Amino acid sequence: MLHFAILFCLLVASANASVQDFCVADLKAPQGPAGYSCKSPTKVTAKDFVFSGLVGAGNTSNIIKAAVTPAFDAQFPGVNGLGLSMARLDLAPKGVVPMHTHPGASEILVVTQGSITAGFISSSDNKVYTATLKKGEVMVFPQGLLHFQINAAGVTSVALVTFSSPNPGLQILDFALFANDLPTDLVSKTTFLDPALIKTLKGVLGGTN
Amino acid sequence: MLHFAILFCLLVASANASVQDFCVADLKAPQGPAGYSCKSPTKVTAKDFVFSGLVGAGNTSNIIKAAVTPAFDAQFPGVNGLGLSMARLDLAPKGVVPMHTHPGASEILVVTQGSITAGFISSSDNKVYTATLKKGEVMVFPQGLLHFQINAAGVTSVALVTFSSPNPGLQILDFALFANDLPTDLVSKTTFLDPALIKTLKGVLGGTN
Amino acid sequence: MLHFAILFCLLVASANASVQDFCVADLKAPQGPAGYSCKSPTKVTAKDFVFSGLVGAGNTSNIIKAAVTPAFDAQFPGVNGLGLSMARLDLAPKGVVPMHTHPGASEILVVTQGSITAGFISSSDNKVYTATLKKGEVMVFPQGLLHFQINAAGVTSVALVTFSSPNPGLQILDFALFANDLPTDLVSKTTFLDPALIKTLKGVLGGTN
Amino acid sequence: MLHFAILFCLLVASANASVQDFCVADLKAPQGPAGYSCKSPTKVTAKDFVFSGLVGAGNTSNIIKAAVTPAFDAQFPGVNGLGLSMARLDLAPKGVVPMHTHPGASEILVVTQGSITAGFISSSDNKVYTATLKKGEVMVFPQGLLHFQINAAGVTSVALVTFSSPNPGLQILDFALFANDLPTDLVSKTTFLDPALIKTLKGVLGGTN
Amino acid sequence: MLHFAILFCLLVASANASVQDFCVADLKAPQGPAGYSCKSPTKVTAKDFVFSGLVGAGNTSNIIKAAVTPAFDAQFPGVNGLGLSMARLDLAPKGVVPMHTHPGASEILVVTQGSITAGFISSSDNKVYTATLKKGEVMVFPQGLLHFQINAAGVTSVALVTFSSPNPGLQILDFALFANDLPTDLVSKTTFLDPALIKTLKGVLGGTN
Amino acid sequence: MLHFAILFCLLVASANASVQDFCVADLKAPQGPAGYSCKSPTKVTAKDFVFSGLVGAGNTSNIIKAAVTPAFDAQFPGVNGLGLSMARLDLAPKGVVPMHTHPGASEILVVTQGSITAGFISSSDNKVYTATLKKGEVMVFPQGLLHFQINAAGVTSVALVTFSSPNPGLQILDFALFANDLPTDLVSKTTFLDPALIKTLKGVLGGTN
């Protein structure tokens, strides 16, 4: 068994430079449809595959009493090209993650503290699939469908969610409708909401027009 | 050049049975994540690849003065497995295709009559990308993002849209929120809309709770 | 409902920079197997998602009495990464889009004026699937198979086609065989066409050797 | 805003049957390369998207003082076709999840209790990327590479892991080498381990030959 | 190290049924867009992953002095779902594999006997990429493009080719144009070949109309 | 049929620049998750699609009496983006390609000289699928599973293998475990091998710690 190292090395020498086991994002290099360019493998260290940003609770001192902390490729470059990313949800008592979609990924959620009521709405028949999850329970949300999470406990609840893409996107309904310059008349025509209500919500969320 | 047919045939004979050039949907056989099971190739005819359901105008005698006629795999089995499907949009004067998403596909639209104002909202910064298109102009809507179409002409306008999936899905915002049994309280919590308004819209759209 | 905008913003602030809703092609940056590099999102406007090049008729004053006007990613950078592109076919009376393939995409066609006879040939058994389509009718052509379109009306006919790729490719049979420097002898051996005929066609189409 | 429900319904009526928002696995129907056949949508309920099997600790009263509890498609049919699945790792003090690979998926791990030392080995240059993670920290393991997890705390540690496939596979090195009928001589030749050692390990793990 | 087998087994017991390492084709069960249904894993043996049909030479006693022997999924069910298939090319002296495409796969070829001249034609500018390969040399043919192989030796040459799909398809130009019932007039219009020539070729290849 | 070249050219002129038939790797430009950036098409020649590095035998004068010569994208830039790559295996008498995996690809092998015993181990139940192949026989190895090849003849045997990725990776078990700085204690804990044995193997293979 001895002494074969030197010769054995010849076997794999020529392959070494070619293998792309991973593609840690170089956030400053060109981005393409499949993700960011890869950081040079010689500069990659174990730290590139570790993310500590989900350790602490997000700040829930806000009107929705909730926080979403993302670990997408822009925050966690190690996931680039690997088909996965994460986020942490903190929901204070009465906290709500409002109606939203992820345009580019399915989501799987596990409750790690408290209890959460979550649900999604199918596109085929507008059917609601909703459940109240206790600690350790898992729920999956199919790609692109409207869904929500609500604290179902008297205490702060926490969930960890994983997406089937390093860059799932996050479109929060209220922000999409009311936090931009989409004209009130156009929002009204396309949602059947009252113009006065829209103007109020635009005022609240910083929208104009 | 003559007389090589018989022998030449040997070349391809054994390959004949194996090629799956297409997979026309057998709507009654098992469906999997990649689509419907294939109809037996021996029963496939040219008609399976042709769809006439977009020839006529959809019925726009409704409150939105608009109609969406789909040619998805369930209506047009020939597109199963081919990564494409279509739909026809008819918008009478003042017609609107309300805010909606396609959870599983990007969309490309071409105006074939009249003029249409269309737009989508990005998830990254809620920016609105909107344009008024005249006959022959094309607009593309990235996958999963909220978008809308409004007649911009004094006459009926028509568009043909193609999706990057045989089964793109169609989630119309108002129906997802108000046409089901999602409790009013829950809709209110997750959208910040007024419960009374929600109840009104549920009444209109057939929702309960 | 009031005053939650400022705090609510914290929820999504850190996610903003990371979402790739789209990847408008930067035609001058590196291209990879998945498409062009993305233009900086800050420079993207609604115009990037609109293409007007299919509004006018292509020039059919040619021997085939037909024109194909592409809206692929190189012409319409907004489709990069979105899995779709388009083209317009104009066929004057007796016009023909000759036998061709798209190596990288399936195609769906809708007639918007006149009438068109179209067909494709399966690879498994060389079976021809052909149909004459009137205005509004749709036909789908599976990826990579030889197909053609012929005007079936006494007037100019027009079709809009969509592909399941931003860059479907277009290999026109006559050009592939006769418009290059492939030696006549080699064309003859691989197609069983007469060398004299090949030389004639090469002359017509600008081929050499 | 009133009374448009009935007519509006016409808009989407024909699309209802065609949308495949999800494909809950029918474990008894044919399986294909893309996953299990779909359960009839009419029989799908919210429960299909919820999995409670990760709530309780796995049994770590074994020689490795560890347990892996899977929530793959066979256990959690709701993830079929959605590109995600999960598992729970319990590591008692000194517990170890031995060297293994997932042939079909990348993995993202978050520590929810205690502390875990984890690592993977690159294929390009056999470089080890290892880290000791505390509660809340995340590590990603690229697809197909050998990796391991070891309890780094004096107490039981727990991690939740998500895979980029509903069916990632799990190949544990010792079982692959020693728990089957692969002849000792062949194992020795292909691993350079001593035949006597192999026989011992086979004895322990139930292997033969 | 002893006696942990029984307890260790608990670790993986629940995962056993769920892993789909492979999906050997059940040629009689439903086929979908991703391939054939899987044979029951309990009936799979090593023989399913072995194919002996490429051992012997194909019959080149035909007009093209060549034979293509496929090992696609229909002949070699073990490749179903694995993204690969093979074929063997035998070219007697002066043998030719005529112009053809594979609609669904790229191809990589290695000469194992003799010498072969091969080439493909790009779709973008009809440029010909051709090379004469000696034994052991490799050439790659991008998906969907017209290509050919010609014996370049005075003796029989052999090549082994692999495709990037279990079912690449094989469309031989002469058969697609002349071995079916596509009307002579239509072939002429779409290829600019002389009707008389087409009729001759149809006669040779068994075509009608 | 004459004189249509000039006008016909207009048909495709605008499409020429846009088609990406291939993406030959520019090994010095940015790499992304889908592969290397493309070399400028104007600099691509037929030589980019040909690889001669598998013509000669690899050097088997080593302890394993075997050599693996890769034709991955780093060696053969023409395969970038095409979903395929190759390698040549040379096994002198008693030669062995030791236990290894390809994290990113399935493999198909054909024996071109001598005889080879090959096998892989399933992850689901550690079942061994093994076969002795004679010249011309083919075996397929599903993605990511441990497998091996052993010379089964008294003479040098040769195989050509193709992978379903331009960059399949190659993780050789002994090198992954013993040829790096993974601490002996950690290897022992995760493999149940004896520390003394591990230190010996580390010494042989150049590992430390």
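As written, the chains take the letters A, B, C, D, E and F, and residue 1 is the first residue of each chain.
Going forward, a residue touches a chain if its C-beta (ideal position, glycine included) is under 8 Å from a C-beta of that chain, and two chains touch if they have at least 3 such contacts.
Composition by chain, UniProt nomenclature: A, B, C, D, E, F = Germin-like protein.
Because the structure is a prediction, the values reported are computed rather than measured.
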Chain pair with the higher count of C-beta pairs in contact (A-D, C-E): A-D
Centroid-based (C-alpha) most distant chain relative to chain E (Germin-like protein): A
Copies chain B (Germin-like protein) and chain A (Germin-like protein) - interface residue numbers shared by over half, same or different: same
Chain of greatest Cα-centre distance to chain C (Germin-like protein): D
Approximate Å spacing (C-alpha centroids) for the pair chain B (Germin-like protein), chain F (Germin-like protein): 42
Averaged-CA centre spacing for the pair chain C (Germin-like protein) and chain A (Germin-like protein), given as whole angstrom: 35
Whole-Å gap between the CA centroids of chain E (Germin-like protein) and chain F (Germin-like protein): 20
Per-residue multi-chain contacts in chain A (Germin-like protein), two or more chains: 1, 15, 17-21, 30, 32-35, 103, 119, 123-124, 130, 142-143, 145, 169-170, 175, 179, 192, 194, 201
Overall pattern in which the protein chains touch one another (line/ring/star/complete/other): other
Chain-to-chain touches, reported pairwise for every pair that qualifies: A-B, A-C, A-D, A-F, B-C, B-D, B-E, C-E, C-F, D-E, D-F, E-F
Complex contact set, residues of chain B (Germin-like protein) against chain D (Germin-like protein): 30-35, 58-59, 61-64, 66-70, 72-75, 103-104, 167, 169-170, 172, 175, 179, 200-201, 204-206
Of all residues in chain D (Germin-like protein), those that touch chain A (Germin-like protein) in their complex: 1, 15-22, 41, 44-47, 49-52, 54-56, 71, 76, 78-79, 82-86, 88, 105-108, 110, 112, 119-120, 122-125, 129-131, 133-143, 145, 160, 162-164, 192
Parts of chain B (Germin-like protein) lying in touch with chain A (Germin-like protein), wherever the complex brings them together: 96, 98-99, 101-104, 117, 119, 121, 123-124, 126-128, 130, 142-146, 148, 150, 169-171, 173-177, 179-182, 186, 189-194, 197, 201
Residues of chain F (Germin-like protein) touching chain C (Germin-like protein) in the complex: 1-5, 7-12, 14-15, 17-21, 23, 26, 29-30, 32-38, 80-81
